[in-house]
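Data first, discussion second: the structure below is written as structure tokens.
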Amino acid sequence: MSDQLYQERIVALAKAKTGAGKLENPTKTARRDNPLCGDRVILDVKLDGEGRIAEIAHQVRGCLLCQASASALSSVAVGRDAAGISELRHDAERALGREPGETHEPFDAFAPVAAHKSRQDCVLLPLEALKDALS
Amino acid sequence: MSDQLYQERIVALAKAKTGAGKLENPTKTARRDNPLCGDRVILDVKLDGEGRIAEIAHQVRGCLLCQASASALSSVAVGRDAAGISELRHDAERALGREPGETHEPFDAFAPVAAHKSRQDCVLLPLEALKDALS
Amino acid sequence: MSFDVTAVRGQFPILAEIIDGLPVHYLDNGASAQTPLAVIDAVRHYETTGRANVLRGVHRLAERATESYENARAQVAAFLGVQPMEVIFTGGCTAAINLVAFSYGSLLKPGDRVLISEIEHHSNIVPWQLLRSRAGIELDMLPVTTDGRIDLGALSRLLTPRTKLVSLAHVSNVTGALLDVRAVVEAAKAVGARVMLDGAQRAPHGPVDLPSLGVDFYAFAGHKAYGPNGIGVLWGRPELLDAMPPFMGGGSMIGRVTLAETTWAPSPRRFEAGTPAIGPAIGLGAACAWMQALDWTGAHDHEMALVQRLMDGLQRIDGTQIFGPASLQNRYPVVSFMLDGVHPHDVAQTLDSFGVAVRAGHHCAQPLMDRFDLDGTTRVSMAPYNDNSDIDALLAGVAHAAKTLR
Amino acid sequence: MSFDVTAVRGQFPILAEIIDGLPVHYLDNGASAQTPLAVIDAVRHYETTGRANVLRGVHRLAERATESYENARAQVAAFLGVQPMEVIFTGGCTAAINLVAFSYGSLLKPGDRVLISEIEHHSNIVPWQLLRSRAGIELDMLPVTTDGRIDLGALSRLLTPRTKLVSLAHVSNVTGALLDVRAVVEAAKAVGARVMLDGAQRAPHGPVDLPSLGVDFYAFAGHKAYGPNGIGVLWGRPELLDAMPPFMGGGSMIGRVTLAETTWAPSPRRFEAGTPAIGPAIGLGAACAWMQALDWTGAHDHEMALVQRLMDGLQRIDGTQIFGPASLQNRYPVVSFMLDGVHPHDVAQTLDSFGVAVRAGHHCAQPLMDRFDLDGTTRVSMAPYNDNSDIDALLAGVAHAAKTLR
């Protein structure tokens, strides 16, 4: 056994299910599918007057990495606008080793996925969905 | 050099061009193409009242083996009916090693082609055309 | 005596590899099987001693290549119990099904119907959907029973006089269920429909006696049957093939080409446009010969014993559920399961860290997943070279996932 | 220093074979080239250490296979000077042209025109004839000059506003003539037509700088470019590919499949239905890398010196006639000739008895043969590994045929 991927922090993020569920009357909703693996994320957001996220909720039908990423995202999304979310995306990309630079809480938890190319889209899917919702 | 194929008898048959040309008012004419190599044979025959070949002529656009075979065929076709031509076909097949048994003049000349599968259709093409003409 | 799995394993070099410190427990054979030395060597022999284009050359390399290629066709034909000239080499199983959908499909009229099932692989769904938009045919779907078999009870309802073709998986790539071919053929013939089998998952488990099945078309993939990639087979009844127009155009499939019009060569050449996949075909021929030399009574018993060991082991892990036939009757060694609260991808990923290769997800059968509202399954697909250690490593991995990921 | 042909030959094991007591003078490269050890080893490495299906697996063999497959795409892209995602793997050059004829072709309307030429290989004629019968398009043909080049003087007459595609051989497989691509592209763009090149005979002679050519589609075959059989390449401009519907249906080319409808993956996956030819693609990637490492300035000079030696030698044999450009400008090392009074097949057969492999016949270009009323030609097609001894053996054989067969 050489279990590098499912480290405690990732499992904990997934189990926390931060933001799991739906919003009533969301300002925007976006759905993203990964056709290769069948993962699916639906993201609801409520925005304030300046395009900043006031509330967020997600329904994830997908793997633990996707759930953990949606949890991580929900835990830090409130108060951010599109540019702020894009910053999180860069953080995730850095954790995955796809961009140089230091990475921060909570996405630094995904560093073990850097060695698993085929799973990186699972981490990015919620971020893609949120980007769609904000655009 | 290991020239087994173009033995003197085959070359002589081809150069003899026995029966080369056209008939005026043939009873039957048949054309056969080999799409793989582009060989083409046109056979004219005049038949007597009993379905026997009275006259034969061939136009061959093809290789030396095809020409030699058409020559050989023309040299022995006169007086034969469909059954007699079928006998010649068996003789050719025997020379090519595709049927067991002894082979006779003139098709025994084609024995060297037994080792060259890809060229055997060249020898058989005039026989095919004549069969078409008689049927 | 019993089946000698060690001797079989010895013929597959990859099974002896250590990858990142882990052995190779390869249980993803349904996606692609491994290939024996006999196949690798046959291709190498062609590449290094007889490589040339086929059919048209008169030189000795071309004669060698043509002979090897046609010999491969004969080896495949022997494996299927048919005549060599009835075997068409294609680029794969998907390409074989598309060939039928384009060529036989072009003979269909608007309103004609094709019957498939909800269990089909996308490769036996999408070509018919594309034909539907090209030709205005209708597509019908046999439902699937809760134990993962095509529900043949619906045949009488869904077969109509307008049904021209029934195209079904011989063995399911998700559940391992074997089709009752006899029942399908009987019902189809009664309305005058032709039957095609997608044999992708059946061919890797030994010779197929096509004449006794009574079907009209049969397709399978080389790489799942221990052969190379880039090669597949379509078998068809000669009288059907002869009546079908070409699919792709190019060299070798023609009678005579003029600028105005072109005539077609007889089958199989009509359907093998361009230079064929000579090397891969030679490899597949060797794979068929390899399969034919195997003791399949022993191999099948061995494979089924592995299925039993797997099912028993899974039952001892809390929250596992098998999707597919529970019995060993009329099934092949493909087993799908779910682990409550753990996504199939996470099961498969955990198994990878135990050196176990399986497949997780929709298995190119999204309609089936939708029908049973599944996120996907974890699929264990076996070959004769698998052994108890493969199953035990898998069970240890599943137990670990159950403990840590939920 | 000069090109080291001995070093190159050493990489091709088949060239050292003795077959029936004769050496291998392989001058049939236009039909199929030989393959270097680098290619054979790359495929074997995949088969024995990283074989699995691509794209969908999470286990390490699947990751290895996916990486090797996508790396091969990048190697081919580098060879063509394009982006990896613009490269589609197909079953061959013929399959690539058919892909365009089916997919791009399905966007054409009755009355639209496709322009090809009389010099084309059947693989660049028949797909358009089939499209003509499917879709009611019209087919126009550029004539050929007596020295075996496409007559571009006829472009202005034959290009019309209804012309949607011009599809021409980059290099002729009969005469070796190189197309003036710039002139074609300029004229085609002026009427809004797209340009496809059939690069089957160009790709084996070194990297192609597609961006500088300005064409829209490019096709070539693996086995003629020192790679395995069963693989070919279609390059297309991404904006064109994105607007094209799929060709074949199956696994991997879908977005989402439901029984009612299906959405498509983006290119290149949209056009790679089913399990791709992974091993052959890896081999072709290695072949492209091998070609890219070769000194093509030296190799081209070497090839052209062989052409000159051949032409000079043929001229000394009574009754020979070359069909094709007489000069070495704008041509590649494919030389067709006729020997008065001796059928090309008999020339080729005699050459075989000298250990020389050439091709004789219509070279899948029957319309060209008809146009010049030829029985066929004897074709000598060279690769960088050919040397003077190959040409001299050929000349001895032709002289022998001239002496004995007429």
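For this structure, a couple of remarks:
Letters A, B, C and D mark the chains as written, and numbering starts fresh at 1 in each.
Note that a residue touches a chain if its C-beta (ideal position, glycine included) is under 8 Å from a C-beta of that chain, and two chains touch if they have at least 3 such contacts.
Not measured: the values here are computed from a predicted model.
The greatest centre-to-centre distance from subunit C, using averaged C-alpha positions, is reached by B. Work out the mean CA point of subunit A and of subunit B, and you get 79 Å between them. If you average the Cα atoms of subunit B and of subunit C, the two centres end up 47 Å apart.
Taking each chain's centre as the mean of its C-alpha atoms, subunit C lies 31 Å from subunit D.
Here the CA centre of subunit B is 37 Å from the CA centre of subunit D.
Touching of two or more other chains is recorded for residues 36-37, 116, 119 of subunit B. Of all residues in subunit C, those that touch two or more other chains are 20, 22, 56-58, 62, 254, 256, 345, 349, 360-361, 366.
If you sketch which chains touch which, the pattern fits none of the simple shapes: not an open path, not a single ring, not a star, and not all-to-all.
Applying the touch definition to all chain combinations yields A-C, A-D, B-C, B-D, C-D. Partner subunit C is touched in their complex by these residues of subunit A: 1-6, 11, 36-39, 61-65, 67, 116, 119, 122. Per the touch definition, subunit D reaches subunit C in the complex via residues 13-14, 17, 19-20, 22, 24, 26, 28, 31-32, 34-35, 40, 43-44, 47-49, 51-53, 56-62, 91-95, 97-98, 101, 118, 121-123, 125-130, 139, 141, 221, 223, 228-231, 246, 248-254, 256-259, 261-262, 273-281, 345, 348-349, 351-352, 356-361, 364, 366-367, 370. Contact residues on subunit C toward subunit A in their complex (touch as defined above): 20-22, 342-346, 349-350, 353-354, 360-362, 366, 369, 375-376, 396-397, 400, 404-405.
On subunit A, the positions that touch subunit D within their shared complex are 33, 35-37, 116-119. Chain contact summary for the complex, subunit D toward subunit A: residues 55-58, 62-63, 66-67, 254-256, 265.
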